[in-house]
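So, here's a batch of structures to check.
Across the two complexes that follow, chain A remains constant while its partner is chain B and subsequently chain C.
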Partner chain A sequence: MANVVAENLTRVFETKSGRLLALDSVSFEVQTGEVFGLLGPNGAGKTTLIRILTTLLLPTYGRALVGGFDVVKEAKKVRSIIGFSSSSERVGFDFVTARRNLWFFSQLYGTPTGEANRRIEELAALLEFQDQLDRKLYTLTTGYRQRLNIARAFINDPQVVFFDEPTNGMDVFSAKKVRELFVKEAKTNSRTIFLATHNMFEAEEVCDRVAIIDRGRILAIDSPENLKSSLSKPVVLFETDIAGASISDPTRLDGVVGGTIKVDNENETAKIRVILRDEDFLERVLQLLEKRGIRVFNYQRIEPTLEDVFISLVGAGFAERERGIEA
Partner chain B sequence: MIRKLAASIMLGLEREFGWTFPPLVILLSMIPATAGVLTAVMVYWVGASAADRADPRWVAFLIVGASLYTHFASYIWAPLSAVSEGKASYTYPLVFISHSSLSYIAGRVVASFIESSFTAVLALGAATLAVKALLGVTLELSFTPLSIALFSIGMIVGLLAALGLGLMLAAYAIFVTRLEWGLPVYISGILMIFSEAIFPSSALPAPLPIIAESLPFTHIIRAARAALIGPLSLYPAEILAAALLGFAWFLTGLAVYTYSEGIGRRRGYIDYRVV
Partner chain C sequence: MSSLALWGRASRRGRGVLRRSFVIWVKVAVSRALIRVIAMYGDPLWIVVNVGGPMLTSLALAFLYMLAGLSSLTGFAILGGGMVAYWGNVLWSMASQLNWDKRSGMLYLYIASPAPLTALLIGMSLGGILGTLPSSIAVLIIGALLFKPPFTPPTITVALVFMLTLVALYGMGIALSSLYLILGRESEEINEALYEPISFLSGIYFPSIGRFSPLPLAIQAIASLIPLTLGMDALRRTLFYAEGLAELWPNISALAAMAAASILIGLRTLSFIERRGRETGDILVGMK
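Showing the complex of A and B:
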């Protein structure tokens, strides 16, 4: 059963500099018990989409249903069946204990106190912060505050839970706990988990399906495995000297569909990751690098990641996209 | 609805008192309230004594009016704070998503009202004692169970009016990304001039007394004076006027806030950060 449906969802913002198309005819369905990832760079439209689905924002055009309810016409019903957590680490009331924060939000959903207390203990145990429950929020570390924030999203026993960059800035251990919780809640309790992220690893690890979004448009939707296997073009990693950093845009290299560059200033090296139009262009790229005075220490064909899928679709990686480099 | 309201009141009380030892909060908040009341009294007393016209009845007038004024002034900002702080800490969007923003704002107002009521009553008592000690004036204030009950009813009627005004301020807070933190001070200043807190509205030039008459706070202060100073016969008409105007203000505040939430959702302001 589809728990989240978007049909031609469009959002236009009127800004001082003109109209900004944040979402452009977005359509998809997410099933019950599915962990669905929305993967894209900052500014791609992920947060706008989540704001519409959680009833914080109205769409300009199009329609969206959550749990079968229209987010515009039946907002009250939608609100009663959703949970939401944003990446903000400051969420909550500082001078109130973690337990009281969770209890307060449970009461806003009309949860009886006994049931609320049981859920608080259960969620704290799942996310391993029971010993922090009676501490005031301002005394908690960032990691614990973020775990509390995740727990709060489940406090009303929601049918659909939305997360916007949930593990952003989280320590490795906490992030692992959170990801385990997402999978458990989706598979054991048949919740729909809707996850907006730019964390490739996270999307690959927990999502049943991933929608790749860029500039308000969904470019592809499939399982992470299918998305990666659909990429028939070779992905090659060149390890070069620091001169490799001079290539600001790999797509200017003949035969390169897209790519990313990571510079290691400390070791004075660069890693140029490119997607080639086909295998025949490998020699051509090597010649071009040599011609530009870039020394290649090593190169190898590597397994594609979701970012490579993104690169093959738009020509640039997340970081380049966020910096505004055009394909 | 009741559960949401009760939880919001409890949370509000924890927020009001939770930052330190609760009796200390009351004691600290009493200082500016008492100081404000005493300042008004001393300014009057020094001026009136110089003209050889000092009258203890005006001191009682000032003490009751200024105590209630500090009470209103200290809690009408609660909705503004609930929305603006809530946008900064992202609690307001979460409350909005839970379809509880009105209960939440009302709960925060009630919590702030409780704290402020303690302060106002203690400031009233402290100012009365201080006037006796400093000026040697015994005020003809009636502290009987009936007068205290009537005074308390006035404060409760004021809650509805304050909620109405608070909802209008909350509506404003939805739209702003850069909050004017001085706004509650401006509003309080207007209330001080027009609500008969320290001088009768008849002292204002025409047509300004009309503004004073349209404020529920003016009638609450008059009703409180009727209860504590007399004559008691003025109380029913004043408390009725306060209740009717308070209800009208509440309905206006509710309409403005609900409308603002709708516009805020359309324009994307509900979860906009406030600085």
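Showing the complex of A and C:
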């Protein structure tokens, strides 16, 4: 059963510099018990989409249903069956204990106190912060605060839970716990987990399906495996000397669909990751690099990642896209 | 199925929805009030500022009245010390709260939940009143013990005036909270600009309206538009001059009208803000 449905969702913002098309005719469906990832660089439209689905924003055109309810006409019904957490928000009240904070949020949904207390214990056990429950919020470390924030999103026993960059800035151990929780809640408790992220690893690890979004448009939707296997073009990683950093745009290299460059200033090296049109262009690229005076230490064909899928679709990586968006 | 049976079922369903909405409203208001009280007393600095500050000011003024040979007026200063915390509470906690919630990211969570904003704000008012009550009582008890001002024992009129003043004040806080949400950071400057002039005009420590007022009539007329002014005037007259409902009805009626109007305006603007916020994306959550 589809728990989240978007049909031609479009959102236009009126800004001082003119009209900004944040979402452009977005359509998809997410099923019950599915972990769905929305993957794209900052500014791609992920947050706008989540805000529409969580009733914080109205769409300019199009329609969206959450749990079968229309997000515009039946906002109150939608709100009672969803949970929501964003990495940019504060968890609660500093001078109140973690337990009392979670209880407060449960009351926003009218949850009976007994049931709320049971869920608090259960979520604290799953995210391993039981010993922190009776400490005031301001005394908690960032990692525990973030875990508390995730627990808060589940406190009302929601049918659909939305997360906007949930593990952003989170320590590795906490992030692992959170990802395990997402999978467990979706598979054991049949919740729909809707995850907006620009973390490729996270999307690959937990999502049943991923939608790749850029500049307000969904470019592809499939399982991470299918998305990667659909990329028939070879991905090659060149390790070069620092002169490799002089290539400002790898797509200008003949035979390259798209690519990224990571510079290691400390070791004075660069890693140029490119998607070739086909195998035959490998020699051509090597010659071009040599002609530009770039020394190639090593090169190898590598397994594609979701970012490579993104690169093959838009011609640039997340970082390049974000720089472009900011510019 | 007959139309009567269908109507009965729809009616039962409607009552169920209403009951559930009411339960959520009460739970939200009570939990918000409780959290406010816990948070207030969890912060030791808050106690120092909110109990210590008004107490020192009112004691200093009471000493001045006493040294000037006006011992009978020391009660004005002590009463002012007991009431001033509520005014600060309305401005800095009530009116500014939604704006602070927006900046900290909490407003998202409120809007994305079934919790009515009115229940949150009314819960916050209740919590503010309950949290401020001990500090207010402390100022009154210590002031009364030190200066022994002449006053008549509190009557039902005192309770009525006190309650109406608080309702009108916190209603004003609800109305201001929507305005502050639109203004954003500028609201803090408005608070700074409002705090002292309104404290002065409302005559917290001296009678700003009525026969003992040193202010010109025009200023007194302007001051009378502030609920705190009418409330303080009525409290002084009933506590220190033993006036009753017969003399105070104009204040009481005006306070009741102000309370009703400010709550109504506050509720209407809140619902407007929520609708407008969802349309523009820049009031409730800030466009990203």
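Everything that follows uses one rule, which is that the second predicted complex is superposed on the first by the 323 of 327 C-alpha atoms of A that agree within 3 Å, B and C clash if a C-alpha of one lies under 4 Å from a C-alpha of the other, contacts with A are read in each partner's own complex, and residues count from 1 in each chain.
To be clear about the criterion, a contact is a pair of C-beta atoms (placed from the backbone, for glycine too) under 8 Å apart; a residue touches a chain by one contact, two chains touch by 3 or more.
This structure is a prediction, so every number in the text was calculated from the model and none was measured.
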item	value
Combined model on chain A: chain C and chain B, fit or clash	clash
First, second, both or neither for A:I302, with chain B first and chain C second	neither
First (chain B), second (chain C), both or neither touched by A:M1	neither
Which superposed partner A:F105 touches (first chain B, second chain C, both, neither)	both
Partner chain in contact with A:F13 - chain B first, chain C second, else both or neither	both
Chain B versus chain C as contact partner of A:K76, first or second or both or neither	both
Contact residues common to both interfaces of chain A (with chain B and with chain C)	13, 51, 54-58, 76, 79-80, 82, 84, 86, 88, 90, 92-96, 100, 103-105, 107-110, 136, 152, 156
Contacting residues of chain B [partner chain A, same complex]	3-4, 6-8, 10-11, 14-15, 18-19, 88-91, 93-100, 103-104, 265-266, 268, 270-271
Chain A - residues contacting chain B, complex	13, 51, 54-58, 75-76, 79-80, 82, 84, 86, 88, 90-96, 100, 103-105, 107-110, 136, 152, 156
Chain A-touching residues of chain C, taken from the complex the two chains share	20, 23-24, 27-28, 30-32, 35, 38-39, 42-43, 104-106, 108-115, 278-281, 284-285, 287-288
Footprint of chain C on chain A - complex, ascending	11, 13-15, 47-48, 51, 54-58, 76, 79-80, 82, 84, 86, 88-90, 92-96, 100, 103-105, 107-110, 136, 152, 156
